[in-house]
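As structure tokens, the structure follows; a few thoughts come after it.
Chain naming follows the written order as A, B, C and D, and within any one chain the residues start at number 1.
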Amino acid sequence: MSDAIDYAEIIRDYEETPFHIWMGLKVTRADAGGVEVTIPWRDEFYAQKRRVYMHGGVLASVVDLVADLAIAAKIGRALPTIDLRTDYHRANPGTAMRATGDVIKAGRTIVTAEAHVFDMAGNLLASGRGAYLNAR
Amino acid sequence: MSDAIDYAEIIRDYEETPFHIWMGLKVTRADAGGVEVTIPWRDEFYAQKRRVYMHGGVLASVVDLVADLAIAAKIGRALPTIDLRTDYHRANPGTAMRATGDVIKAGRTIVTAEAHVFDMAGNLLASGRGAYLNAR
Amino acid sequence: MSDAIDYAEIIRDYEETPFHIWMGLKVTRADAGGVEVTIPWRDEFYAQKRRVYMHGGVLASVVDLVADLAIAAKIGRALPTIDLRTDYHRANPGTAMRATGDVIKAGRTIVTAEAHVFDMAGNLLASGRGAYLNAR
Amino acid sequence: MSDAIDYAEIIRDYEETPFHIWMGLKVTRADAGGVEVTIPWRDEFYAQKRRVYMHGGVLASVVDLVADLAIAAKIGRALPTIDLRTDYHRANPGTAMRATGDVIKAGRTIVTAEAHVFDMAGNLLASGRGAYLNAR
């Protein structure tokens, strides 16, 4: 049914939610072939008073939102997160991000999706996966 | 060695990091007996254009930061997150939060800590745990 | 409705499943106040040819089963696992185990429960949590 | 340095550990290109007295061991698990399994690896990822 999915509307929904507007998120791809977002650097992303590294919560947020975007691009709507795992691979001194999402399994009740977050040089900063509830 | 921990400095460090300033985080307790933070509502926390529920990334952020604060109050300094799990227990239409953190195990190399996030009426919104790297 | 729960039947079901029989699991407590199991040591639990430490899969299995037992003692039946997280706190050279389980949140659709696994001297070997599907 | 890795010894170590012998595990591939194991069905894998579905602990065990095997094939030795996440995608009425492992990130201190577990018809039964400690 993916031909019935309104990708333009999904992108608009994603870019216009308050949290994503604050982040500066842009959806650079959302179609049957995959999803990708970019997020510019903001100084509010720092996790230390001395401004050394990005906050883990920002990276967890990106994993959650891009995994859910992958679900929206696959089944036509975003789903509520049941739980989320994020792995941190590389501390970074503040950088814009590019992130991709993929559906691992689209079950009738549970959908599992994963995400990879990179800096603009292509280094993997974080990755993770979440379980999402496909109930009506 | 907990009597050597400078709780006032830990609290200052936590409240004055850019991400926590943006969130409006206040540390309401950080001592040998436990840690607690409060975070007021911000409209940027909404996850939908139509402003229905809080973004999962915000709750994951709170789990990460309060678990790490529990570590700081236990061993004297915050640690980098290796990985984080967040469980979402209750969708909510926008609310201030109160969160508590506890160390599950303070190992020589790995420290595991958990967090519980509530609304101001005491309902459990989210909980989770993370592994943190205790390396020098 | 916990007075309607047949704890004796839950215990029988748990002790008589093939995997638990193989493990040697005994339910030492399952009532409204909590659940606890014990599992004797088996040499098949070793993770190395040289028989140094217990296999992580055995500890993950104990986390899963005792978290689910806590659910059964709370709502009257075990549920299928959606996903499971296990944290390993202490390598051990082969030991009997005691494990406790607790329900974190019994939602209408999702139930989250946690488990703590100890050696017989009370050292915490592993802990974790899982999301379980409460669908009919 | 992967040309210095003794794959035959890694395979022998994996197949001859007590837990893997009990499971009946065979390593069908372990080289620079990837790892794969097969595990035949055993009736002890059942999770219910009535023998309906495979135990979640068995699938978590397979995720842990094949992710760690992927690490061994990449860096030359297996590592202790820090923590493990397993997602369950499909209940199954007892089946042999085939599983593949991949390293997500081989960091100096933390190595993250993932696993996918299939039945012999190629259906995805479970998947997951773990953080492993690369300390000496």
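The rule we apply is simple: a residue touches a chain if its C-beta (ideal position, glycine included) is under 8 Å from a C-beta of that chain, and two chains touch if they have at least 3 such contacts.
Please read all numbers here as calculations on a predicted model, not as lab measurements.
Distance from chain D peaks, on a Cα-centroid basis, for B. Two chain pairs, A-D and C-D, are compared here, and C-D has more C-beta pairs in contact (counted per touch definition above).
Copies chain B and chain C of the same sequence differ in orientation by 180 degrees, per CA superposition (steps of 5). Here the spacing of chain A and chain D, counted between their Cα centres, is 27 Å. Averaging Cα coordinates per chain places chain A and chain C 33 Å apart. Computed from the mean C-alpha positions, the centre of chain C lies at a distance of 21 Å from the centre of chain D. Residue positions of chain C touching 2 or more other chains: 82-83, 85, 87, 110, 112, 131.
Here chain A touches chain D in the complex through residues 85, 87, 89-90, 104-105, 107, 110, 112, 124, 127, 129, 131, going by the rule given at the top.
Residues of chain C that touch chain A in their complex: 82-83, 85, 109-110, 112, 131, 133, 135.
For chain B in complex with chain A, the residues that touch the partner chain are 12-13, 16-19, 21-22, 43-49, 51, 53, 55-58, 60-62, 64-65, 68, 80-88, 91, 128, 130.
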